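Next, two complexes with subunit A in common: one pairs it with subunit B, the other with subunit C.
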Partner chain A sequence: MLKHMLRRQIVEDILGFNFLINFVLISGTVIAFSLIFLSDYRGQMDDYAIKSARNENHLRHFSEDPRDADYANIQLIMKPRAERFISLSYEDKFPQGFNFRIYPYELKVLSKKQDITGVGSYIPVTTREFIRSPELFSPDLTFVVQFLLSFFAVILAFNAVTGEKEAGTLRLVYANPAKRSYFIAAKYISAMLTLVLPLLLGLITAAVTLGISSIVPLSSGFLSKLVIFALLSLLYLSVFVLIGLFTSTVTHNSKHSLVLSLIAWMFLVVILPKSPGLLLNLKHFDVPTGEQIENQVARASQDVQKKYEKEVMALRKDEGSFLRFLDKVVDPEIDHARQEVRDHYLRRKIAAVLTLRKVNIVSPASLYEYAASAVAGTGIFHFEDFWAQARRYGDGFISFLKQTSGNQEPYTPFEFNIEWITNKQFEYNAIPKFEEQNMRIGELLKDALPYVALLVLYNLFLFTLVFYKFDRYDIR
Partner chain B sequence: MEYQPSILKADDLSKRYEDGVLAVDHLNLNIYPGEVYCLLGANGAGKTTTINLFLNFIPPTTGTCFINGIDVNKDPLEAKKYVAFVSENVMLYGNFTARQNLDFFAKLGGKTDLAKNDYYQVMRRVSLQEKAFDQRVKNFSKGMRQKLGISIAIIKDAPAILLDEPTSGLDPKAAAEFLEIMAELKKEGKAILMSTHDIFRAKDIGDRVGIMKEGRLVMERTRQELQYEELNKIYLNYMNSEPSAF
Partner chain C sequence: MIRTIIKRECLDNILSFKFMACVLVAIILSIISVVFLTNDYQARLKDYRTGVTINEESMKHVPVYSHLALKVFKKPNPLSIFVTGIDRETGTYADINHRDIPASLRGGSIKNEFSHMFSFFDLSSIILIIFTLLGILLSYNAISGEKEEGMLSLALSNAVPRYKLLLGKYLGILISLVAPLTLLFLSGILIVVLSSDAEVNAAFFSSLALFYVSSLLYLSSIVLIGLFVSARTSRSFVSLLVLLSFYLITVFLLPLAVNGYADRQISLRTRYFEKSLQSLTDERGKAVEQVYIKYRAPRTWLLPSSNARLMKRITPPEYLEYYKKIYPINERIMEEYAVKINALREIDDAAAVMIRRWRNAILAVMPSTNFARIADLTAETGEAGFLRFVGRLKTYWQSYVRYLDEKDAFGLRYFYPYPEEFTAQEKNLIERIKEDYVRDNGRIYRGKYLEEALGINPEIRNLDLSDFPEFNFQPRSVSEKTGAALLNILGLVSYSFIFFLLAHFSFNRYDPRKDA
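Entry: the complex of A and B
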């Protein structure tokens, strides 16, 4: 029975005008987005190559003359990745890297606007930039599914019941021994299949366009993320098919169900995910500007100096003890305090983004966006991981210097001792190099799991609601 | 004469809608194999509600409907295996051809082993033009759709057929053809319940005729009884009187 109902429904949906429009629009959009992405990616690769060459130059200088402070810094830059095409996730709003100064130790964010020669100057990354701006448009696959396909999902399903009621076929169907659940199941499965075809075509088009360009390396990791993204997209689109079906079971004519469906779509995809960003951005997440942070950093230095004022004064008479005290105690503590201030504000910014996400989980569109971002390894997940990699690299670099000096004392990165590099040269190949590592699929899925679980719950809730309502639907 | 149980049975059937309207009031009805029962009545008399109750489109407030001895409310899926339905305005899937519609509804009715020729044969039987067999239904006239509707009922081969004002809006020729098919189905032993406004056709085709008023069956006559009475006068008489228990 289900088979017959399903077959008829699929033929009707696929022969329909909606499907053709859907097909053409999705393919066209994906091709256009692929071309935009390729152009951006080429620019990012050029930028990355310049910065990598600069880092190599600095490290070579450092290996030959470690005391030359002008070269004792490296820019740790995010590697351009194809996954940004799956989900851009406001990546361009996040700091694009860190400036790592070897001594005194400092890890300072670089924004996108950082000039490659402007080492050391803090470019403010404002709250409004850092926390997602309420943008509607983003040229990635997530946008295609989140906005376009979800809209088609609603359009496909809104008159599933009301349309047949108006046409008079519902009565004829139910004059037969047809289960109500089968009717809804057929409508649901057919709508999903009708959405899957353009989605798959879109993804294949994207992979082929990127592949034939030979600019973007299509690794197996990227392709497996694309497959996971497709599955995730089905889970998301299912929500909107069910919303369409639900509106169709609570109304008795197609006009009403269309209006209700469009209101629901507008609310869940546009208004709900965007409004907390606008409201909370300004009121609750008033993170200071870069300039204010630098003032805080300076104040932290002064506080440490004040703390040791008496001891420093007392030691002034003995120059050796005085310098040793500054090197061993005061300076490391100042560097530590300065770094703490910077890290503190960075953590606050990340916390602001994550808090905003918690507010937004009521929207399936937000859940999908966050899950897609986690699967792709972009956005806030990417930034957090990148920051951890940058810190590990910084610690590892200082550790390398200490080990090569033969010093076995416990240390923190801030307790750098200039003696470790005095009159020394390092073999360039032995010096640690930074190259961003991609997160493992397992880690990415772990990040995506809470959002996926909520999307599953959304689906289950709507499934129950739709079947319950249709079971009581007046089909006369 | 061998006793035959009724195929369609309404047992003390009542339906009161949520707005308080009593659409069917303690209706008792038995329709036997090879019998055509015509239900007459004005708009809102309860004819369509009775059919809706038999098809389990709505639950009864009290009483029971039986199709082939099966309680419709308790086991609607089983009961609906034994009934076919033709509505006042047969609406089908417009993007599908006549044969595809027939195929779909035949399968819904449980006929899964039919060949293309079986469909053509049924469509010929109801005098649907050959060229229309593989045409999309959206361009069909009402008469053609009604013919296809009766084809669907025929191909299901159910012992009971419910017809809700099937000749309404048909031209006289189409209506006459429709009733000829009814007569054939009756001969095949089908139990037919037909709601209609058409007093003259009811008299022609009906083995029994009932008149409903405000949900109650206020009169019932057999074909033999109607030979000596004028149904139109009886009908008008009942329409102008207060309803009373039958």
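Entry: the complex of A and C
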């Protein structure tokens, strides 16, 4: 019985007008977005190449003349990744890496508005501003599913019950010995199957366009993420099919159920996910501006100087011990204090965003967005991981310097001693190089798990609701 | 007769669930967003004012031209409360310096870089997202729906010409959209005016009025498109599906794809400046180096000049002569290279202008993108306003450099007036250092005189900067704004006109009978 109902429903869905529109829109959007992604990717590759060349140049100079402070800094930057096409999660608007200064140790977020200063020229030259139009969404595959496909999911399901009732076929169906749950299950399964087609179409178009361009390397990791992403998308789309079915069971007129489900869609997909930004205005989430943070950094170092003022003044007569005291005690503490202020605010910024994300879990669209960004390994979790990698690299670099000088004392990056850098040259190849490591899929899935679990709960809740409501539906 | 039709239509609409739901959401969102953005605007205005005061104060105490650290601030735009644009992100001030022509603004980017994932709504996006949807929901079944219910034949059985019925429907729907829209505008203005600190003036209100009128034009074209589609289809479900696809494409997909592509193409294709900058700065470095090679520094004592500004007074006369000779040459080289570097930027800017022109042409096709562009041009919070500000900065830089040239600022760039204002104490110190230098054969401990030099505190006259060129940036007047947005406004008007005609013709041929 279920089979018959299913067959009938699928034929009806696929032959429908909206299926055609759906197909055209999805493939058009995916192609347009992949063009956007490809230009984005090429820009990133350019950037990455320029910065890597700069880093290599600096490290070579450093290996030849370790005491030349001009070259004792490099930029740790994110690798361009194909995963950004699955979910960009606004990563292009995050800081793209860190500036790592070897001595005095400093790990500072790269700001978008950094002046361009060529090596050896002490006069900053202002950059051109690359204006980005304000975007409500980012052009990636997540948007296609989160926004477009969920819309079609609602359109497919909204008149499942009301439409049949209006057409008078609902009573006919019941004239057969069919269980009510079969009817609704057939509707649900058929809608899902009808959605799988455009979803697959979208993903295949994406993979093919990226493959043809041959700019982006398609690794097996990327493809497996694409598969997980597809499964995740089904879980998400199921929520909207159920929402459509639900509105159809609570109303008696397909017009009402359409308006209701459209408004629900609008609210869940567009309005709720975007609104918590307004909470950033609250005192609790407020952070100082970049300049104010830099002022606090300066103040922190002044505080340390003030703390040691008397001792420094006392030592001033004897230049040798004066300099040693500065090197061993005051300067490390200053560097530590400065780094502490910067890290504190970075942590606070990330924490604020993560808290706001928790507010958002009422919306399945947000849950899906976060889960997709976790699976793709982009977004805020990626930034956190990158930050940890940058810190590890910094520690590793200092310990490398220490080992080469043969010093065995315990250290922290801030107790860096210029004596560890001897005047003799380093082997360039022996210097640790930074390259971003991708997060392992296991870790990514662990990050995604809470969101996926909530999506499953959403599904179960709506399932029971739909079946319960439909059991009591008046089919006349 | 037409009045009755309008009245009935309005009542029908206003009492419907979709109307109430959409309007409720729109009102709540707009109030929250106006309050948020007003607070944000006031915070930025406060920052602006303190910045300007600090700058003015520092301009009163400039003893030498090298201490001239001029900052030019961009005043936050009160219209950004309604049309946010990029006003909050593009920075707040520029350093004016003869060594570099400002091409972007510094500071004032969004406080929390990670908060971009919660981009939020302003009034213009509420109109685009919610009111467009509402307009579609009200108009999609205006004709096909009435037919399905059998009302159409009833209405037409009265002696009403069809065009009157259409006009009545159009006006009825438009009025039921305009009423909540006006409410949103009024409540927004009320919030802004009541918050004590906002700078609202006649220009603000007239720009807002222009924005209001253009949103009316936009909604009118949406309603007419809805009526047209409704008159072309016999089933209201099909008409709704077509209109919703239109909504998705024009409000979300097209701007996202076209703007996204254009932005990324600009940042990909206009990298000439960054790629060729290094060779130019190298060249500049060499040119400056040549000057140092040509004019050798005198061999005499010198206190560390970076330690304190007063050190510069305790300088041997030979050095002063030397500096007077090389600084004008050096700084002119810097100035020349600033112009050359900017020429590089302008090559990129020209390429970007071409891409933007294409983008604007494509976006002019749809009413929603036309409306977005008008909002951008009237509020001047977007790209257009920013580029105009940067252009003004560049012309200001020219007058700034001309001023420095006229005052012969480079020759005296680093040094306090010399020699007539040396105090006896200073003269004494200079003599003693000189004696030491000669006696110790050029090897003196520089720290030896440091504290004494720092202890001298002569009165130093500040530069007279009363005739300094002033920076002013006037926002466009309303007539200029209208002129700039004229094509887009005409686009919206012609949309309304064409779709009214189309709807009229389709409706004339419409078969009002219920399907069998």
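By definition in this document, the second predicted complex is superposed on the first by the 445 of 476 C-alpha atoms of A that agree within 3 Å, B and C clash if a C-alpha of one lies under 4 Å from a C-alpha of the other, contacts with A are read in each partner's own complex, and residues count from 1 in each chain.
Just so we're on the same page, a residue touches a chain if its C-beta (ideal position, glycine included) is under 8 Å from a C-beta of that chain, and two chains touch if they have at least 3 such contacts.
Only a predicted model underlies this, so the values are computations on that prediction, with no experimental measurement involved.
**Q** Output check: A:Tyr90 vs subunit B and subunit C. Expected answer is one of first, second, both, neither. What do you get?
**A** After superposition on chain A, A:Tyr90 lies in contact with subunit C alone.
**Q** Let me test your reading of the model: by the given contact rule, A:Asp474 touches which partner, first (subunit B), second (subunit C), both or neither?
**A** first
**Q** Between subunit B (first) and subunit C (second), which does A:Pro177 come into contact with in this model arrangement: first, second, both, or neither?
**A** In the superposition, A:Pro177 touches subunit B alone.
**Q** Return first, second, both or neither, reflecting whether A:Gly394 touches subunit B, subunit C, both chains, or no partner chain.
**A** A:Gly394: touches no partner chain.
**Q** Just to be sure I read the superposition right, which of the two partners does A:Ala167 touch: subunit B = first, subunit C = second, or both, or neither?
**A** The first partner, subunit B, only.
**Q** Which partner, subunit B or subunit C, touches the larger number of subunit A residues?
**A** It is C that touches the greater number of subunit A residues.
**Q** Under the stated touch criterion, which partner chain does A:Arg8 make contact with: subunit B (first), subunit C (second), both, or neither?
**A** Touch partner of A:Arg8: subunit B, not subunit C.
**Q** Within the complex, which stretch of subunit A touches subunit C?
**A** Counting only subunit A, the residues touching subunit C are 17-18, 21, 25, 29, 32-33, 35-36, 39-40, 42-43, 46, 50, 89-90, 93-95, 109, 111-113, 116, 118-121, 123-137, 139, 143, 147-148, 151, 155, 159, 254-256, 258-260, 262-263, 266-267, 270-271, 273-278, 280-281, 285-291, 319, 349-350, 352-353, 356, 379-380, 383.
**Q** Quick check on the complex: what are the subunit B residues that touch subunit A?
**A** Contacts found on subunit B: 52, 55-58, 76-78, 80-81, 83-85, 87, 89-96, 104-105, 107-110, 149, 152, 156, 162.
**Q** For the complex, give me every residue of subunit A touching subunit B.
**A** 1, 4-5, 8, 11-12, 15-16, 167-169, 171-179, 474-476
**Q** Enumerate the contact residues on subunit C facing subunit A in the complex.
**A** 17-18, 21-22, 25, 29, 32-33, 36, 39-40, 84-86, 90-91, 94, 99-100, 102-109, 111-121, 125, 129-130, 133, 137, 141, 145, 236-238, 240-241, 244-245, 248-249, 252-253, 255-257, 259-261, 263-268, 270-271, 273-275, 277-278, 281-282, 284-285, 334, 341, 345, 348-349, 382-383, 386, 390, 447
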